[in-house]
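Take a look at this one; I'll ask things after.
Chain naming follows the written order as A, B and C, and within any one chain the residues start at number 1.
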Amino acid sequence: MNDIIRYIAKRLVIGVLVVLFVTVLIFAIMQAMPGDPVDLMVDTRVSAEKVMEIKAQWGLDKPPVVQYFYWLGNIFQGDFGTSISLKQNVTDLIAQRLPYTLMLTGAALIIEYLLAIPLGLLAAVRKNRLTDKALTITTVVLWSMPPFWLGVLLMMIFSIKLNVLPLSGYSGFISLILPALTLALPALAQIFRLTRSEVLDVMDEKYVTTAYAKGIDNRKVLIKHVLRNALIPVTVMFFLSLPWLIGGAVVVENVFAWPGMGQLLWKGIAKQDFVIVQGIIFVITILTVICNIIGDMISGILDPRIRLE
Amino acid sequence: MKDKVIDIKELCVDFHTQGGIVKAVDHVSFDIRKGEVFALVGESGCGKSTTAMGIMQLIRSPGTISGGEVHFEGRDLLRLSAAEMTKVRGREIGMIFQNPLDSLNPVYTIGGQMMEGLMVEKMDKKEAYQIAFDMLRDVKISDVESRMKSYPHEISGGMRQRVMIGMMLCRNPKLLIADEPTTALDVTIQAGIIQLMNELRQKYGSAVLIITHDFGIVADIADRVGVMYAGNLIEVGEVTEIFDHPKHPYTRLLMKALPTITKEEGRLETIKGTVPNLAEERQGCNFADRCPSCLPQCREKKPVLLEVASGHLCACHLEEGGSNHAR
Amino acid sequence: MRKEKLRFILNNKMFIIGSILFFAVVLVVIFAPLIAPHTYAEQSSMRLAAPCSEYPFGTDQYGRCIFSRVIYGSRIALSVGIVAVIIETLIGVTLGIVAGYYGKAIDKIVLFITDTTWSIPPIILAMAIVLMMGSSAQNVAIAIAVVSWAQFTKIVRAKVQSLKNLSYIEAAKIYGETDLSIILRYILPNLVSTIIILATLALPSAILSTTSMGFLGLGAQQPQPDWGMILSDGIQFIKNAPWITMAPGLAIVWTVLGFNLLGEGVKEMLDPRLKV
């Protein structure tokens, strides 16, 4: 038990360090951005004193290092500042939109894994046969699809041609289907391939032969010995794939006018609104780090060997 | 004649490769008697492990059992359904493998893995625990209580092999197959494992099929020995008989290649040439190309196992009709 | 040996199909002016025209030939993708070798940096970088490289760690060869096949990222024919002129699929057990 606690503690420390490092990175990028944020924010008619006052209020008259700590302090109090373009509190904006993004990525993750794991297992059991080949080709094609085009195709088929699903925006659960599929299908390929290759690797392991030699029946060996070991990296990937999925969500949300963070981020970028951009990157980073830590913890629980590393 | 535990007749295992069909086990026949230790020896790749896997029906694609009979307890195992064969494994025939680290599942505890096999028979957990516990003590593992909760990577290689032996003996099978049980272990630990197997087979009365390339182990533990070469069983007999009067030229060369303390020359002999490609269709004896006393008929007709002395079988044209061959 | 390689290639259908798709793209890139009936910026009075013999994939809202724009767009997609992969290979391999070879604190630092880059969704970090540097094809290439070198580092590092302990490399050390000479003479040659595999597999994802950035309006600007941009412009006309989105979409799938299959084939040939 001690091993696990020490292991988790180590991961937590690394996670905090990563978050801090990312804040430095975001801050550096924003510093390097062309144009003074306050000049962008205020009207040209505002007097120079007023500008100085605002800068002092934000700590922008101080050297960058001090500014960084001001900014960091605000962030950890949950204050991401005021959006330049929307004139709204960024914390509120994110809080409004985060649930939609989580809903979309969550639904996509579920679809992805519910399809990929059984298909991967099936392909492995039928290795080199027609089922395996057909599945492999299908997933490579899906993997090569830009999500935004897949989204457009699904829209054309289900919303315009068949008119069974809403075209875009959010109008209840039903509008989740197309964006979630768009996000899940290309990502599915990776999990499918991982499951397939892990199952094949584990089936070659001697301990699987041992299990058969002990007189355990085929179904039990596949579940208790093969899947149990093969799914360790797959489960870990469940958590590690989040950043890619959120990245994909930014694009997909824009295709479907989904009211999530991705669309907000895109608006922020289009309007050069760095307050929004840094706030969103920070939130996403925290989410990712949390998921990474959970992933590491799960792998520690599932695989007793890892705890010793 | 003593009762036979298992009687293998003309067992054939083929591997379908791109280069053609490899006859990894080619019409191999032998039997093992009650309480006996039978050793199958030969170079790596000669088909001895494949024979064992064939008996257990654990051959994996691209390999298939293409013929033969395996009589065990009055039935032919090769004719059993998959479900019936599952019941034979572990319960009636147990098997341990070469590398004890790979052979135990890394994510389950020692105790859990021992109990898993026992609980196949609808045994309750408590009873299974007790049997596993006693068995671990029998294989001389100290501090059994905490070992039951250990994971395989937490214990040493020798201890893992003891666990494997215990795991396979705890259901008291009539036959235990040990595939190179000591090869992956340190020399100092090997002797302990062999001694343990010797003790346990006396206690539990299981017959043992041991697969090895080490004649030292054969001398230590086996009653009878079969020598395999390139998929064929070429000589079978009592250990003392084979050691004292090896008949097949391959066996003789194998004996000469053994390091012994009494040997006066400083160098070990080697057998010239290499094992033939088993994917090629060939006539005659598989050993003909390397044989120091090859006869013309050796390249035409395959020799069959014939009794050359009481209980001593040899597949060699030199032995047919008691011809006097070059020494 | 050579014969076996040849047989292997002929048996490897993925590799063959990938190569065909790939060479078709290369031909299009080279001969774009000959294939395209119009230039990419040429406007006509026929706006949002349906596919016809004059405009095989129709026209957009400015009356530009979609087919010609997509043909010229291959130049942008491929050049941005290739430049991005070259940069990320240089960064990733260098850091991987340094971390794997020197180990200890340097290794820890590199590992920490890679972990950190994995913590920000690559496309989002790339968006921030382009935002910082300004929208242009070059900046997109740089941004993609900056966010995707970590894969190279992780795999190269692991490979170098195992190479480092080979006896001939240890022998070279004992003979007093400098680190640089050991890396160049013994380690790098052993990494060639791994690097080739990683680079061929990185190209399709770089191209996908390029088009995603273009879709979001970051990248080559009008009237440059960026595939992602053509597609995102087409979405508003999805009901009246769905053909606008077809040509760029097909072009992206063709190219990315071709490179993916090629990459898989190369991996199968050089190192089938490499986990990417």
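Just so we're on the same page, a residue touches a chain if its C-beta (ideal position, glycine included) is under 8 Å from a C-beta of that chain, and two chains touch if they have at least 3 such contacts.
This one's a predicted model, so the numbers in the text were calculated from it and none came from an experiment.
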Just to be sure I understand the contacts, which chains border both subunit B and subunit A?
none
Which pairing of chains accounts for the highest number of C-beta contacts?
A-C
Among all other chains, pick the one whose mean CA position is farthest from the mean CA position of subunit A.
B
Distance between the CA centroids of subunit B and subunit C (whole Å) is 53
Whole-Å distance, subunit A centre to subunit C centre, using C-alpha means?
21
In their shared complex, subunit A is touched by residues of subunit C numbered 14, 112, 115-116, 118-125, 127-129, 131-132, 134, 204, 208, 211-212, 215-218, 228, 231-232, 234-235, 238-239, 242, 245, 248-249, 252-253, 256-257, 260-261, 264, 275
Residues of subunit B that touch subunit A when the two form their complex
56, 58, 82-83, 86-91, 94-95, 97, 99, 102-107, 116-117, 120, 151, 153, 164, 167-168, 171
Looking at the complex, which residues from subunit A come into contact with subunit B?
205-207, 209-218, 224-225, 228-229, 232, 302-305, 308
Using the touch definition from the top, list the residues of subunit A that touch subunit C in their complex.
14, 17-19, 21-22, 25-26, 29-30, 32-34, 140-141, 143-149, 152-153, 155-156, 160, 197, 240, 243-244, 246-248, 250-251, 254-255, 265-266, 269-270, 272, 274, 277, 280-281, 284-285, 288-289, 292
